[in-house]
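Two complexes come next, and they have one chain in common, chain A, joined by chain B in the first and chain C in the second.
Up next is the complex of A and B:
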């Protein structure tokens, strides 16, 4: 019983982290039909920047967010304007896979060159700290990562729903031509949308770095599960990604008990295949996704 | 259009996932020497890029240091040695092609083995086909020695299954009521990592230590919370990790986060890595690990090796470098004894036969092999004592006393 409760708690925390890591991916796709393979490479880049920041200053890695979030936002806008927007609309989705694949390789190579292939970890005084709730241990770092996920996803959701920029972004997602007709600068909005996605990568990468080791090629381990999450959730839907992440994260943690790690991980891909067979647009995708 | 796009794009997303699992590639370089009577040419393929690039580069440093040392000290049979090192990108298909090329078109006189069981087996097959002696620095898993190779020798003290032998002996020597009662095992799905954990598991089970958790996880596992939860829930006396680096670190932290306190904790590979205490912090006390090499060992040639290597590289050698150097020592001993070093099958057969019957003094101690190439030694057991990793077993080599009851982490 206590193992079940413990796994449930771990699953919820894991699901929150997955949701944060996958949010950017679904945003790029929603705004621009861009399949962004380099998203997880940016996560690892953010992890390295957080580690480097702590290594150099001795300050808490969370403070690095003050620099990395605006930096990643800027990089996202630049990437969209300088590279993505030059792709032909007819082949955008396909070509974006190739383009962002190469960006991922560039990031991996650069990280390896600058920081070497050695595995890194941020050592925190509270790295092993935990407290008990209802018979389950909750690790402080996992809770912080979960908190970061909740805050950023809520902020993203409010931004999309309540601000004029969010409205413009949603209009661009729903019908770019119509949005242009009513005077929305869709190019600029798309750039900001991409920047927002990358800003979530800065937060996600930092959250990841709080609790695990990382090395330059680690992003290849992450992109598969993250893609599975956004396909199951419905491409372009942020709530969909969050719900799918939570379901898959909890499923993984709970299936672990009877089935072991290998099968628990396979659950992601089984869910992916099942989704594509039963509901290819994802469980929250299709028209719903277009409206958020 | 609105309805169809998700289908197409979802398909694309899948395609991209698949493309990613198909892995990435990068450039390879190669160079070849000319055949002649001048230097002795030694062909090697190593994983200089890809999954095993870190240890692969360690082995490369060890080989190069050995070659420099030999050349500065009069060479082999009075001839210089010249290494030809190819990059197999951690790819089993490439490693076989590399050795084909080295033997066939580059006309090397001798070959040295690559890094990792997964690359050693295909490489050894090629060497066997051409009748070449094959001494390798990194193929500790049992399956290397069950393929029927009669040309292969592993240049290290012990195979993976025997890594924990001294620890098992020490537990067996305890009074029965003080021995641990239960044990939890978690191992990466990798022949080497699993070999180390299951070698100890077999011994402990024979002593009546009950197995309460037995988990195997894929090498790409990123989350260790669930595995740790199972181990913590079992409250096993001993936790044994068949691990590489990052999984050991992540698992130990996950176990700490769950408040689990074993009386004994043993993890392969990671604790002997200099990065380990940096990653774990002060909670390393009492963690055990087997190791095949320590720069402090007082085997006859070890001091020369450590001094030479340290002067050349600025840091003392680690296990990968030592195993590479050992490979060089083993082959050199055979070459000097037999008096030949050429690709001729007769010379290679003589080298192989000589190694079957003789003991070689190396930086990891004197080595002898059984008919399948298994070294007949054992690994040292190290433990974190007062924040430093020290040898605690066996008795005759120890630098500190074994901490039987691990302090809390």
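Up next is the complex of A and C:
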């Protein structure tokens, strides 16, 4: 029973983190119809930057967010403006996959080149600390990662709902032509939306770095589950992605008891194929999602 | 939609032009075949020869990939799933059933083709981005399964595949034989691609590539066509993987089910040109050579990833149509009156008709005033035009613009 509660708690914590990571992917897709394969590569990049920051200064890795979040935002705007907007509209979706794939390769190769392929880990004073809730052990680092996810998702939500920029972004997602008609500079909004997505990667990567070992080619392990989440949730739907992330994260954590860690990962892919068979557009996606 | 009077105009153009270009093509084909066949005797040492085998293997995979990518425009980043499955199925069949290696390879190909049917049914239901995601997921799931299921697949320790030739065949000779075997497989794949390219089935597939909804509206059974192309592609990819397994003799899930291998296939095909028969082959020669060169020069460092990434990015940004179409259009620019009908504007065409055939011109005038506009006719032409003219890639290429 306590094993079950333990998995449940782990699943919630994991699901929150997944939701944060998948939110970025949904933003890119919603705003630009871009499938960003490099998202998880940027996660690993952020993790490395956090590690490097702590290694050099001895300060808490969370402080690196002050640098990485604006940096990643800038990189996102630059990527959208300089690279992705150059693609032909007719083949944008397909070609963006290949383009971001090539960016992922460059990041992975550069990380391997600079930091070598050895596994890295951040040493923290509170790294081993944990406490008990209802018979379940909760590691402090996992809780911090979850907290980061909750805070940034809430901030994202408020930004999207309450600010004028958020309104413009949502308008662009819903209907780009109409948004242009009422005077929204959709190109600029798209750039900022892309930057916003990448900023979530900075936070997510740092949260990941708190309690796991990482190495340059780790991003391949992440891209599959994240893509599965956004397809199950419905491409382009942020609430869909959040719910799918929670459900799949919990499912994975619960399946780890009978199946073991490796086989539990297949759950994501089974969910992905099952979704395509039953509802190709995902559970929260509009009918259009099927076409991209 | 295409009025009958459009028919006579392109016909004489293609006729006079095709005789010349056919001779040219035949000569080029003979030269190419001679170059490929003479490579083993020209190779300086067994290492170069083995690089040649690797490049041929890449060429087989890229050409097989192009059955889906080139015809339907569905970009699969996960074709390594089929080459890996083909390789493992070949190895496991030989080990467990004692079957003749070549029959084992063929059986493996058929097996993978059968497996591709349900996979295709699931993944072809979605387009574009979702399709790519599914293709990536397939490779990742297979990597997971083949690594974890150690008792059957050898897991991370790898799988040793028995050699098809006896111990009396030395390594260099083995390389040479496999070079020719790969070349033969490549020739078969190219032939099938060419046959499909000229068939009604191929027209349907290309119509799907240009505009799937319109193709469906015109009565193309899009799903069946896509599925057949997908299964054929998986079959040849699996044969390529099986052939590689027999040559290399050792399989490791990390290398067999690698997204990198799948992306190489895409890069090669895009670089050469997915709309042309020999595009993937040309891309395989360039990329295969580059991969081997970078691996050889920079060894264990991750530099080859950066180089590949940059190359792929440049191709996607600046040359999405590939080298062969780019070169063809460059040559065409210096050949007056050999442009395809697509590159002639509607006004030019009307003028041409008026001077050559007054009756048709009148009919044309008629239909134009009847329709009111000329535009719908022109857009409809992209679908039917792509379907009527099977010969030159520039036609469909132009239709996209």
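The working rule: the second predicted complex is superposed on the first by the 284 of 292 C-alpha atoms of A that agree within 3 Å, B and C clash if a C-alpha of one lies under 4 Å from a C-alpha of the other, contacts with A are read in each partner's own complex, and residues count from 1 in each chain.
Methods note: contacts are C-beta pairs under 8 Å (C-beta built on N, C-alpha and C of every residue); 3 or more make two chains touch, one makes a residue touch a chain.
The model shown is predicted, which means the values in this text are computed figures rather than measured ones.
*Asks:* Who does A:74 touch here: chain B (first), chain C (second), both, or neither?
*Replies:* neither
*Asks:* Who does A:222 touch here: chain B (first), chain C (second), both, or neither?
*Replies:* After superposition on chain A, A:222 lies in contact with chain B alone.
*Asks:* For A:118, is the partner it touches chain B (first), chain C (second), both, or none of the two (neither)?
*Replies:* first
*Asks:* Contacts for A:35 in the overlay, against chain B (first) and chain C (second): which applies, first, second, both or neither?
*Replies:* both
*Asks:* One more residue to check, A:105. First (chain B), second (chain C), both or neither?
*Replies:* After superposition on chain A, A:105 lies in contact with both partners, chain B and chain C.
*Asks:* If we overlay the two complexes on their shared chain A, which of chain B and chain C does A:6 touch? Say first, second, both or neither.
*Replies:* So A:6 only meets chain B here.
*Asks:* On the A-aligned overlay, A:263 touches which partner chain: chain B = first, chain C = second, or both, or neither?
*Replies:* Second partner only.
*Asks:* Counting only touches as set out at the top, which of chain B and chain C does A:89 meet: first, second, both, neither?
*Replies:* neither
*Asks:* Should A:135 be classified as contacting the first partner (chain B), the second (chain C), both, or neither?
*Replies:* neither
*Asks:* For chain A, what residues appear in both contact lists, the one with chain B and the one with chain C?
*Replies:* 29, 33, 35, 37, 93-94, 97, 101, 105, 109, 117, 220-221, 223-224, 227-228, 230-231, 235, 262, 265, 272, 276, 280-281, 289-290
*Asks:* If you look only at chain A, which of its residues touch chain C in the complex?
*Replies:* 29, 33, 35, 37, 83, 86-88, 90-91, 93-95, 97-99, 101-106, 108-113, 117, 216, 220-221, 223-224, 227-228, 230-231, 235, 262-263, 265-266, 268-269, 272-273, 276-277, 280-281, 289-292
*Asks:* Okay, in this complex, where on chain A does chain B touch?
*Replies:* 2-3, 6-7, 10-11, 13-14, 29, 33, 35, 37, 93-94, 97, 101, 105, 109, 117-119, 121, 123, 127-130, 132, 137, 139, 141-142, 211-213, 215, 217-218, 220-224, 227-228, 230-231, 234-235, 252-253, 256-257, 260-262, 264-265, 272, 276, 280-282, 285-287, 289-290
*Asks:* Under the definition above, what is the set of chain B residues touching chain A in their complex?
*Replies:* Residues 2-3, 5-10, 12-17, 19-21, 23-24, 26, 51, 53-54, 189, 215-218, 220-223, 225-227, 229-230, 232-233, 245-246, 249-250, 253-254, 256-259, 275, 278-281, 283, 409.
*Asks:* Contact residues on chain C for chain A in the complex?
*Replies:* 73, 75, 77, 122-123, 125-130, 132-134, 136-138, 140-141, 144-145, 147-148, 259-260, 263, 266, 270, 301-313, 316-317, 320, 400
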